[in-house]
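Next, two complexes with subunit A in common: one pairs it with subunit B, the other with subunit C.
Moving on, here comes the complex of A and B:
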């Protein structure tokens, strides 16, 4: 019941929105998102940190014929992801502009999205996960298409098609797991019990990796992301970038690494290289962007590469880093998107050529600039802020296994500094154009989300144990692999695909 | 009582952090002026200073006090924060806090009318916290963390007057150049752990003494670790940021040149045993130190901007530290750092006092200030004496020990180079002195009173400290002053200093028609005044490749990756749009289409039989004669 509530509370909030007038919608939505957040905090206090099993498991038969059962459970990874989701939903709703059109529909769609995402993080059945995974497309499609900016319908369609393809590929892998592995139903426990040969594991991992690779996203499957993030309004962008992208890496950890460990060990070097390419490629792209939001979007893709690098290395340390980086990425991306939203609302532009001198203490946006510096520097991996601890754990862990890719990743943090310095120099520094500088005041409601996130970024950066400790039992359970153990070349993988059974 | 001070030594970096917190109200609420922010920070710095002195007293002649605090515990990696309170560490912390305190008083006068007090003092406190934490921690990992935080601090403090274009580019250059070094250092830090299993300097030294690794590994790791200090200490080829960083407010320049950069060198000195694992790394350290020292000293002679002259001298002196570390002269390196930091502080403070009232920092517009600014002139002289190898001042002894050991180790080339650098630095400083204080007053320097006391007092205090450094170091028994005889190498040093000073006075102290530069070829002047064209080097080595790659990737992104995606999207639409014209509603067209399709289908299905058809016809003899 504890976990069902986690999904049920936002849904109740969405229903409650119908009973109140539009003017009250935001307040009700804040409660609708706030109560699940409090509930998550309660779960933190009840979570047994020494237990590596799934906790608060719930099970009920649904469609046993299909192997689809209502099975929920939570481990450290799920707990952190759910926490990120409930927190960012609350932040996103808080950061929504109060004069938004059709507020009740908007907020209820936000709450439904949040509920469905929570569901996919706590599902214990592959088919159930898949249902949630696909279900969150519907509200998100509407959210992008109705309240988005320019080119919203192009972006929404692109997002929908890409994610649908990703879903199809994942489903192929799931069916393969069930049929080839000889499991009774789709529950994780049954799927984990498979006795698949290495060949089949690798074969099943390919669609899985591509499917979740679209969601993460990985180069060259990423082009939906900048378009979608830019077209989406600020709250939706926070949800998309902060939480939804994590479904991709979560899926890789849950299904790739945990269910197909031997295959993962074979594929891991390729994934690590793929991650390194993503990091560098998107960092370079961020450098040339003129649009603030697009720059942040590319930076987001680039930084998901670190998560992937950590998951590829697959040792305890790198996985801790990987999970922490998922959290850090969510927090930092949320603060950056929120601030970009505020700047756009006040100054009326996101163009780096138009913005200037916002740090001016009297007529500029000093608070927003200060927070922007913090967010950008957190993203660039300055120690004392949350990203550093996470990235450091990823690097230290993956260096043992993939030294070259790790060094490339470190170069990526240097490039992050390059584009964020460009961003700060153009927006915060410089001379404020006094003719245009009649900006509306930044209200407390616009400052509050940034403050909350900033406090979290600093506190978790100074005291990273508070972040790292939750997922430790999960890793102990997950890690069974030594990447590169089976030294497999591209030719061997080709051979596997063509049915060579020598491995 | 003494125990309590030492046990609470971890508070020293926290006082400035408290200062930062106290400053926050004056950043956001501007009901009152921002001055209380400055005074509060002054107070916290004073508290930190007093605490440091008490600790220093307590640890006097005792064993160092050590304790560790757990920081991060992840999987099999547990990072703890080892504090070490030894006489040496605390003396360094004392230098940092004293100079910070003086600089903060100096800033009260220097930035009297500025609206950014809260931000300035907040950043000064950030520097103090970072530096004291770095000095008290005995761990490479935390040194790296603090260096990164200082990099961020440099960016923000150089960008203090952010609405000037030069400041913005200066801040950017400083940040990115230092970041390059930081990241290579990070690579080294990460690579070192699997080899050594520790980041503690003390344990690293024991580890290194057993010669655990050698060859390429040691060289690569050593070079990566060397890169951090190279960028922090503004050594060639990563030296240009110090020059651009001069765009920041002058009090921060004092702080940066006198303590922030030496703190980078502190990390270098701590890593000496690791560098010593590979002779290549030691060779590179000496080579970089030599090139930087000679190059920077030459460049500094050719500058007309007073701040630049001093910033290049800083690079030159850090080059000496690199030479000392490359030849494993740890004690000498500490000695050089301590005496250098106070002397350069006095020099920059006195030039700041001139810039403040003369409103120019161009050497060609100054002159004749000796009678108008005696206090500043004396401070400048004391700073110069502290920085030039003349007994009995601090740097002389440091250099003498360096020279003696170089001589005994048979390193003739570095020996000669140190002498040359000393002479060049003396020449550069005297040139600056003559151009500012001697000669005839010019428009900018004819009306120049001594500035407000909050500027003068710290300046004089720094000059006085410079004079006392050798005495203090000897009483503290910190550094290897076994004998205070001048010796033969000392005589050589005095000769080189005397030569530099004398030539400087001859060339610049006496009024002449032509300046020395007029006797030099133009290419030589350009080479020196343009920093050996390092900007071009950066442009071609870093900026151009990054910009071009970024543009290239952007092209690929738009026209290849997204192009394919959009093509896939557009094709069904286009084909649908085109095909709809095939349905006009006339039955003839449909019948015609069906007929064509049937023919095509028939051809397709019988394709493989067509050749046989011909064969059959031939074989049946239908076409035979």
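Moving on, here comes the complex of A and C:
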């Protein structure tokens, strides 16, 4: 019941919203998101860190004919992802404008989204995961389409199409796992106990990687993301970038790495190369952006490349960094999106050509600017902040296996510094234009989410072990042996798929 | 009056034609609204109180501190100078022009005693905590006047005259009498000492200028409180009349060493308040000044700093009043000084706009800018009256000459940094 409650509490919150007047909606929604957050904290206190198995497992038959059972469980990876989800849901709701239209519907959809995302992270049945994964689409589509900004319909439709394709590809892999692997149902344990040949593992990994690659997203499957993030309102962007993108990397770790380890070992060099290209390409795209939110969006894609690089390497250290990077990315992206939202609300623009001098202590947004500097520093991997430990572990772990791709990734961190220096220089520094600078004050309510995230970014940066220790048993369980001589060419993979098992 | 002018002269095609037409009608560059009047008078009062300290301390430094090698306590004005009676106001005034008292203003004395904190503490503690009148602004103005050498030809020529050098030499030797080390240094580097004395002469120059302005502003505030000014033009006319009333008063530099007075620039040198102090001050401080460190990054190689000093445009008429955040730069310090002495009606007014109390410094800075446009208008009208023709002169050629004069003045405010267009609306706060 503990995990059912985790999913159920936000749904109860969504239902409770119907009972209260719109004026109280935000408060109710905060409780609806706050109680699951507290519940998650309690789960942390109860989590057995020495146990690499899924904990608090729940199982119940649902549609056995389809292999769909209500199976839940949580390991270190799931715990961290759920924590990120519940925290960012609360932050996202807190950061929503109080004068938002149709507040009850808005907050209900936010809570439903949070609930199904939690469900995805704790599902122990592939089909159940898939249901949750797809169920996210509906509330998010509505959230983008109703409360989004300019081009919201276009962005929401694009998001829907891309994610639907992603779901279809993942489902193909899932059915492949079931039918070819000889499993009786879709439970993870049954799917893991497969006897798939290397050829089939690689074959199933391709749609899986593309499917989750859309969700992450990876270049060139990323084109939905900037439009969606930019069109989405701040709270939705926080959920999208902070949590939803993690479903992609979570899926790759949970299904690609865990269920198809031999295939993963073969395609890992290609995934690492894919990650390196994503890191560099999106960093360059971020550099040339004029829109603050779009720049952060491209930065997000670039940084998800580190997660993929770590997961490709598949060793303890890289996986530790990979999972930590998922958390770090969520926290940093959330603070950046929140701050961009505040700037847009106060200044009325996200255009880098129009923003200037926000650090001005009297008429500017000094607190927001200071937090933006912190967020940018964290994102650039400055020591003492949460991204540093995560990226360092990723690089150290992946360099042993993929030195070239890792070096490219390290160059990517330098490029992160470049575009964030551009962002800060144009936004925070310089002279505040006296013709424009009549911004309203930033209230405490607008500062609070950034403060909470900043504290976490600094504390987990100074003591990264508080972050990494939870996922250690999961990493041990998940480690795959990626070929030391990673000279697997496309021809080799092609040959493998055609029956040549010389690899 | 204005009807006659507009009927006979075609409208100006100048970019600031509206302002020029207003000046031709006897108005100010600042639009005539009750809100503007309230703001400028309120800020004159807030400016006058620290100014009452500035002029006393500037004269104290010029006349008493003089060449002290380490003038650590030059802002710790002596009682004698704090009690010094103003020449142009008060019962004991030798030439009473304005009705206010001649002593230091009571609000100034109270602030000096208790500071912003409202607690009586040793003056050194107030000073170190910057809980004081910030003389740095006054010194920055003085240095701007000193540095822009081309704007005060008569005064500067005198600073390099033999008479000045002889008087300064006498004062230097008297000041360092018995101090062979410094006198030896003076022998080796006479120009270094002489240049310091010239700077001190500018201390005196500015001190004497502000000795006039402080009671003017106090009286304007009093008149407004009594309901005396109805329009911005009334306030400007008061300034014009004040300028003419003291235009010929002497600018001098006396130094007191022991019981002896050294007249480095004697009153008989013929330096006058209007031409050797007021006009150079307006040019140096309102128009030119220098790029204050910290307000903006200037790239000289990209020609962001003009090659010619005469092209400098960093004065209050052009200033972007929003500080970047470098506390301690002179304009910010003036705003801080004025903040302590805002009249209640101005405080209430600022509460209603922008960020209320949180950005009063900026709001009052912009009010100050408005008020200085009004002062500059007074100077322009005074110059027009002195050099050209009456506004209601029936001769069209004379009115055309006036028009040309006003257009030339407005040409200086056509560059993008000028705030003339901004102050035309109430939204600029």
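Going forward, the second predicted complex is superposed on the first by the 489 of 503 C-alpha atoms of A that agree within 3 Å, B and C clash if a C-alpha of one lies under 4 Å from a C-alpha of the other, contacts with A are read in each partner's own complex, and residues count from 1 in each chain.
The definition used in the following text is that contacts are C-beta pairs under 8 Å (C-beta built on N, C-alpha and C of every residue); 3 or more make two chains touch, one makes a residue touch a chain.
In this text, all values refer to a predicted model and were calculated from it rather than measured experimentally.
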Once chain A of both complexes is superposed, is A:175 in touch with subunit B (first), subunit C (second), both, or neither? neither
Applying the document's definition of touching, compare subunit B and subunit C: which contacts more of subunit A? B
Once the structures are superposed on A, label A:367 by its partner contacts, choosing first (subunit B), second (subunit C), both or neither. first
Which of the two partners, first being subunit B and second being subunit C, lies in contact with A:284: first, second, both, or neither? first
If we overlay the two complexes on their shared chain A, which of subunit B and subunit C does A:389 touch? Say first, second, both or neither. first
Given the touch rule stated above, what does A:44 touch, subunit B (first), subunit C (second), both, or neither? neither
After the superposition on A, what does A:70 contact: first (subunit B), second (subunit C), both or neither? neither
Counting only touches as set out at the top, which of subunit B and subunit C does A:357 meet: first, second, both, neither? both
Scan A:438 for contacts with subunit B and subunit C and give back first, second, both or neither. second
Shared subunit A contacts, counted only where both subunit B and subunit C touch the same residue: 357, 359-361, 366, 430-432
Which residues, counting only subunit B, touch subunit A once they are in their complex? 27-28, 30, 70-77, 115-116, 144-146, 148-149, 151-152, 155-156, 159, 162-165, 167-169, 171-172, 175-176, 179-180, 183, 186-187, 190-191, 193-194, 546-547, 549-551, 553-554, 557, 561-562, 565, 569
For the subunit A and subunit B complex, residues of the former touching the latter: 158, 161, 219-220, 223, 281, 284-285, 287-288, 315-317, 319-321, 357, 359-361, 366-367, 370, 373, 377, 382-384, 388-389, 392-393, 395-397, 399-400, 403, 406-407, 410-411, 413-415, 417-418, 421-422, 425, 428-432, 464-465, 468-469, 472, 475
Which residues of subunit A touch subunit C in the complex? 357, 359-363, 366, 430-435, 437-438, 440-441
List of subunit C residues in touch with subunit A within their complex: 295-296, 320-325, 354-355, 358-359, 361-362, 366, 422, 428-429
